[in-house]
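Per-chain residue numbering starts at 1, and chain names A, B, C and D are given in the order in which the chains are listed.
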Amino acid sequence: MSNKPWSGRFGDATDRRVEQFTESISFDHRLFKQDIMGSKAHARMLAKVGFLTADECQQIERGLTEIQAEYEAGRFEFVLSREDVHMHIEAALVERLGDVGRKLHTARSRNDQVATDVKLWTREALARVEAGVRELQRAFVQAGRRHAGVIVPGYTHLQRAQPVLAAHVFLAYVEKLERDRSRVVDCARRLNLLPLGSAALAGTSLPIDREFVAAELGFDGITANSLDASSDRDFVLEAVFALTLIAEHLAGWAEEWILWMTQEFGFLALPDALCTGSSIMPQKKNPDVLELIRGRSARVIGALTNLLVLVKGLPLAYNRDLQEDKRALFDAFDTVEASLALAAVVVDGAELRRDRIASRIEEGFLDATTLMEALIRLGIPQRTAHEIIGKLVGQCERKGLGRLSELDDADFQAVHPALGPELRSVLGVKNAVQAFASAGSTNPTRVEGELTKWERRLKPHGPTNI
Amino acid sequence: MSNKPWSGRFGDATDRRVEQFTESISFDHRLFKQDIMGSKAHARMLAKVGFLTADECQQIERGLTEIQAEYEAGRFEFVLSREDVHMHIEAALVERLGDVGRKLHTARSRNDQVATDVKLWTREALARVEAGVRELQRAFVQAGRRHAGVIVPGYTHLQRAQPVLAAHVFLAYVEKLERDRSRVVDCARRLNLLPLGSAALAGTSLPIDREFVAAELGFDGITANSLDASSDRDFVLEAVFALTLIAEHLAGWAEEWILWMTQEFGFLALPDALCTGSSIMPQKKNPDVLELIRGRSARVIGALTNLLVLVKGLPLAYNRDLQEDKRALFDAFDTVEASLALAAVVVDGAELRRDRIASRIEEGFLDATTLMEALIRLGIPQRTAHEIIGKLVGQCERKGLGRLSELDDADFQAVHPALGPELRSVLGVKNAVQAFASAGSTNPTRVEGELTKWERRLKPHGPTNI
Amino acid sequence: MSNKPWSGRFGDATDRRVEQFTESISFDHRLFKQDIMGSKAHARMLAKVGFLTADECQQIERGLTEIQAEYEAGRFEFVLSREDVHMHIEAALVERLGDVGRKLHTARSRNDQVATDVKLWTREALARVEAGVRELQRAFVQAGRRHAGVIVPGYTHLQRAQPVLAAHVFLAYVEKLERDRSRVVDCARRLNLLPLGSAALAGTSLPIDREFVAAELGFDGITANSLDASSDRDFVLEAVFALTLIAEHLAGWAEEWILWMTQEFGFLALPDALCTGSSIMPQKKNPDVLELIRGRSARVIGALTNLLVLVKGLPLAYNRDLQEDKRALFDAFDTVEASLALAAVVVDGAELRRDRIASRIEEGFLDATTLMEALIRLGIPQRTAHEIIGKLVGQCERKGLGRLSELDDADFQAVHPALGPELRSVLGVKNAVQAFASAGSTNPTRVEGELTKWERRLKPHGPTNI
Amino acid sequence: MSNKPWSGRFGDATDRRVEQFTESISFDHRLFKQDIMGSKAHARMLAKVGFLTADECQQIERGLTEIQAEYEAGRFEFVLSREDVHMHIEAALVERLGDVGRKLHTARSRNDQVATDVKLWTREALARVEAGVRELQRAFVQAGRRHAGVIVPGYTHLQRAQPVLAAHVFLAYVEKLERDRSRVVDCARRLNLLPLGSAALAGTSLPIDREFVAAELGFDGITANSLDASSDRDFVLEAVFALTLIAEHLAGWAEEWILWMTQEFGFLALPDALCTGSSIMPQKKNPDVLELIRGRSARVIGALTNLLVLVKGLPLAYNRDLQEDKRALFDAFDTVEASLALAAVVVDGAELRRDRIASRIEEGFLDATTLMEALIRLGIPQRTAHEIIGKLVGQCERKGLGRLSELDDADFQAVHPALGPELRSVLGVKNAVQAFASAGSTNPTRVEGELTKWERRLKPHGPTNI
């Protein structure tokens, strides 16, 4: 007798090449735990409504527990012809229990079963990601504390623009990660409705209790439409999109730090233990981890594209194409979880090279805008003040001077009479940073406040948010 | 004098080819209203904190109102060398007001200005999409009412599976759209923090009141970090992702209805006014609107990819690459708004071809699963019951019979003694549909309940959710 | 001593987490054979120009042969800290040969080494794909022969349009696949320049002979610029793009045959051995292989996107991001090679259901265009003829008639006097198909000619094209 | 009477919203010239085979010439209800010529007509791109000449690696662009088969002469299968993929030059006329053109994704989804053509800052590898030599020395006895660059040879290659 769950009406055995092409056990075995969890809850419900006796239910639960133990011990045997994780577990159960095992699939289909398993898996994975995001936020906040007072150039268009506190830079990533966290939480909330009991596509004629199963499995409720439930992969796409934005944020940060690690910028030192060398160039010390974090953002975007193309144009309800969702899903989570973890390691290990930064920090007229704002305080319209400072910078360049403060008072007056000597008090990056005042700015007191705020929020024993 | 806002330090005028290559006015003019709204709020704030007199502020507000009127009347003149919408409006203001106009750009940069404008635009656009989604939900619910009692085949793998009510099919889309709506609402909530006042990247030394501006513009608060605020495009990507899932849902539905419109399925008729013909084949009546809705999902996915690639690997803070975000954003909204609107028109105009559907509804053994469940009720394990019915179907095929009910009692008994004549009461699609019982199933009473629930929820005067 | 090739200047050992994050041996071991092939050629060149003695070269070649044998026998040991396939092989060589092994890396870097390995791998893989494409073309041509004379509806907009020979449909895919083959060949030709000898990025000061190595490895020549060679991944992207179009063609074909397999179309039967069933619905027979072929096109598109994002914005020359190219490359080839193979199996096993097709082939006015062309032959302008036939079809619909031939002569005359009874000779799908005349049309003689042409071209012993 | 070509059988006029949703004239008007060109050739063929008299053909050709003149003069009137460019032109012709105009659509359909138009358009556009690529190659070669002898750091992992000639860097892009050119040529060759005459999907019963039309329109032959021809969009995807790789190459180059423009690198100066400033920071000079070239690569990748998703899973033959191909196609060409043109402008205007580069060129131990190779020449195995130089670099770092040449002879000897004073002759970047020897390396004589080779190849009057 065939071990296929559907061999009743089939004349011929499945072609071996077809088995190989259609199997999913090589990747969906990662749903093992979730499948067993779901089956146990399903069995308890079947007992509650009378399709299993209490004893049968106990046999099934015990059998499933044993099967899981085998799996975890690496002793569970996988067979290509059993197609997927669901059939492997059920077949193992039937081997143990005979007819009792054959009752487990009552009022369910692999369609709603796999939807449930994947939801359970994704819910757990989102919680891990949420923790990983928090851990990286913590690392950035600590790096901000560790580098108190360090001023670095802020850039727009990768041109030096205005001076900012290093901690302000780090906090920018904390903000981005916080939005990521918030998306992860929203996704976990939205997915948390149980599809099980939708059966193949239309529900079942058997009097099951879906709310009971939902409660057993920690769902907030049940899905409302069986056709929707068996075809829905929104939660997979939304989860991977949330991961994609995390990967994008990590890639942008990695790019910045790769720049900071260059000979030319020279802002950042990483410990040898976090770098690698070259097989040919003896002097090299490469930021490989950062490059791989940047590069692997592509992998996550590729997974999202895979999923977006996969579901495009599929009619209701389940289509076998959907089997492929898991590979992209697992891949995106594996990639982002690893990148988050290594990012925190890198941030924890990073040291800004204060002397190198300081030695060139006055290059690039980073105080020009602050000087312009000093003119505005004197009543000069912004556009006019902008032009005045523009001319002042032009003067410096013509004279080969690297700083506004190197111009003398006469140079100032020659450009505009309002440029009096008292305005020199905002020149230099230290003064300029101090001058910042607005909410959200790099003003040292405000940045200090932000660090404190985040330290409080990220306390390890704070409530979990997912 | 150049009309560039930054010509102070520049020796040469901008190359004409560069102006053409870098301009954004050809598309960012769509931010005209938002830019003026933001500038008015900014001016009021500047007056509040003392950088403008009350009179100056009034002049500016009046000037901006006039400029908007010119734009809306199509009389506003666009000039390539003025680059973008921000410079166009400000230059027009300076032309009118001279030095007073030159004060408006105090304590802001185009970087935070455009972030604010795009947030305002996106917020409005999301509200339009939310309304469009509700309208389409309403159309599906009404179509469900209009086709009360119509049974169609439900499919998995595009093979006939079990019978379902047409209304149950329509409600599946209502559920999908409801998740879409929920994502739209989440996105609108998450974006609703004001970036204005972050200035170029680091904030400003001027004592501005960002909370005031936020309140004026209906934001829930202000962004907390200036570097983050001037580089953040999460809200653009998240909005376009929400649109992408809408487009996917529409594409799946369009695919289904394109199938239903074929000669072979023959389930659906659309009015001539919603179809088009062929320039060569006189008999053709094509579902072009559905095909374009399906096809344009690709456009939205393309826009999302564009954005995902655009921001990949950009260091802090603003980079000119970001200028390109708007084209993809506008394009995605235009596409999805139009598709939603036409989808509702199509659903409203659609009529199921009841006779054609009924004439073949018994094909495909749609009642087989219900019969299997009847066996389960008799205590036969599911796997065994599955095999029994599989054999029954095999019998039909060997005998060339199209329905289980065409087998006689002896055939039933030959396969399994439990297959008694009393089980015939669940045969036929009408009986099978009636037999469904589970929550979320296609059971007629449950479907009726769902229709009523949605009619209540979608009442036109219900509270807006965004 | 560390087993890193670059540990000379490093103080600390690599962090274990970093080793795990940066390793590539888990996937680049697939380059084992190519790496050894390249190293042998490199060693022979080093001997030729005097950096190795003949004996040293023999030792190295022998050592590499033994190492490959170990790998193929599954006895080669992988160690995480050895990073990649290159270091594994070299370290194993040094273990055997000591200083002689330490000479192998002369005048090369892992940067040019991996570029060479990947080119060798891709060249082989493209040849396999080319063979797979030919095999599938052969299957389509044979299916055309097998179904000689079978007429199926041709569709536009998925509406029945004109009658076509089934063989004509199959030959359409042969044409698409032929373009695929042509792209594969172009890609293989373009990649076939040796990068080895570019060293890390700038070439080498040692007097190597790159042309010799190129000849040894079957390359058509050498790359002309070392910076380009060590950063170039065009061939990876181009190969995956060629695969993407194959996947698209397979997905379109799979969609068509999934439709043909439905109860509603009923055109196609596949053997049980190529289908699978349902775990809940006993009557199901699902075209899973076709669905997975369709679905996996998304995987290939995802791999292409991955690669396109990966290389975006990378400055010269090698960046570690590029390590990730291999996973996407391998994945795309694995997917498409398997899909091509299974597609040929499916085509070989497919049987058109001639009776079912014939029973409904006259539906949909498939002969309308041919009748219109008959009017054109009589001198009636096309647009007028189009309108006339349009009215004729309208008449049928009003009268509830399914075929033009069911209208009587009076009906014809009523619409237009030119519609004389002699025009009836083109009515009916058989006559219509016979009437086709143009090159490339479904005319039976032309289709027969095409089948013969392809049979000749695809002869198994024909010259390989790559 | 409706102006729809297919109104014969339709009862109701098209819904206005549907007209707006389905129109393509707003973008396919760009095919105006090609549509007329194709129609003239088609008319001449119809005359040749007897469906038009010589006089009718002349009328049609003259009418089409007038219509094109109207279009080019901006006097042609577009009407939404005429859907697309094909109907606009034909309707204008019928207005002029009556029944003669009504004959033009004989033996063709919009399906093969649009395929032909798009092929003609793409062929021209590819030729423009090919010219644009050559122009940019020329600019890079000239920049190489202009900066003869300038040495810059070569990078891997964005860490300084070895010294290279600036011209060698520029030539790397010439190589990449040459592969692009080659792909463009391949694509143009592969597309150059005429689809016209495939009619709607199955060919025609009229005795047309497709080879004649192909010759008239400069095609190399005709497509062999009508179903394939009317559904094929391979050439659109392949063209856009070729553009995508161009965009990728430009993005990588732009990234590099954005880095070179930073304060930190300081390698590159662009004229003011090619830069833009800041509305708030008076000192800024931003490389906007480079940023936009980089950013717009995303637009091209987005267009490719759009197309890949668009065609996914479409059954034969024409589906209305395909209408959308043109927007993505036009967009990709517009973007890449503009980027290529501006890239050449930027390269022509760029000046390397020789003093700034020279002042820091000895940083980063760029000569370390050359010194290692000198040891190899002495017979020391590469791996050992690598370790020796690694230690030497370690010595420098411990002593705070920036160059190997600052170590004294005793330091050298202390690390390894082979490190004699004669090896100092390869130290320093000038010596190191001179030392390079291998084909494709940065050796000055070889680079000079490459420049000369390319100057010859890119001669303006050389044969066009497409």
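Following the convention adopted for this analysis, contacts are C-beta pairs under 8 Å (C-beta built on N, C-alpha and C of every residue); 3 or more make two chains touch, one makes a residue touch a chain.
In this text, all values refer to a predicted model and were calculated from it rather than measured experimentally.
Colleague: Moving only between chains that touch, what is the shortest number of steps from chain A to chain C?
Modeller: Tracing touching chains, the least step count from chain A to chain C comes to 1.
Colleague: Would you say A-D or A-B is joined by more C-beta pairs in contact?
Modeller: More contacting C-beta pairs are found at A-B.
Colleague: Same or different interface residues for chain B and chain C, judged by whether over half of the residue numbers are used by both?
Modeller: same
Colleague: Once you find the CA centre of chain A and the CA centre of chain D, what distance in Å lies between them?
Modeller: About 34 Å, centre to centre.
Colleague: Roughly how many whole angstrom separate the Cα centroids of chain A and chain B?
Modeller: Distance between chain centres: 24 Å.
Colleague: Touching two or more other chains, which residues of chain B qualify?
Modeller: 5-10, 105, 111, 156-158, 161-162, 199-200, 259, 277-286, 288, 291, 294, 297-298, 301, 305, 308-309, 312-313, 319-320, 369, 386-390, 393
Colleague: In their complex, what parts of chain B are in touch with chain A?
Modeller: So the residues of chain B touching chain A come out as 5-10, 51, 94, 99-107, 111, 154-158, 161-164, 168-169, 171-176, 179, 182-183, 186, 190, 197-208, 210-211, 222-232, 234, 237-238, 241, 244-245, 248, 251-252, 254-256, 259, 294, 297-298, 301, 304-305, 308-309, 311-320, 369-370, 373-374, 376-377, 381-384, 386-391, 393-394, 397, 426, 432, 435-443, 450.
Colleague: Spell out the part of chain B that touches chain C in their complex, as residue ranges.
Modeller: Going by the criterion above, the answer is residues 153, 156-162, 258-259, 261-266, 277-288, 291, 305, 308-309, 312-313, 360, 363-365, 368-369, 372, 386-390, 392-393.
Colleague: Quick check: in the complex, which residue numbers of chain D touch chain B?
Modeller: So the residues of chain D in touch with chain B come to 4-15, 17-18, 21-22, 83, 86-87, 105, 108-111, 199-200, 271-286, 288-289, 291-292, 294-299, 301-310, 312, 319-324, 327-328, 338, 341-342, 345.
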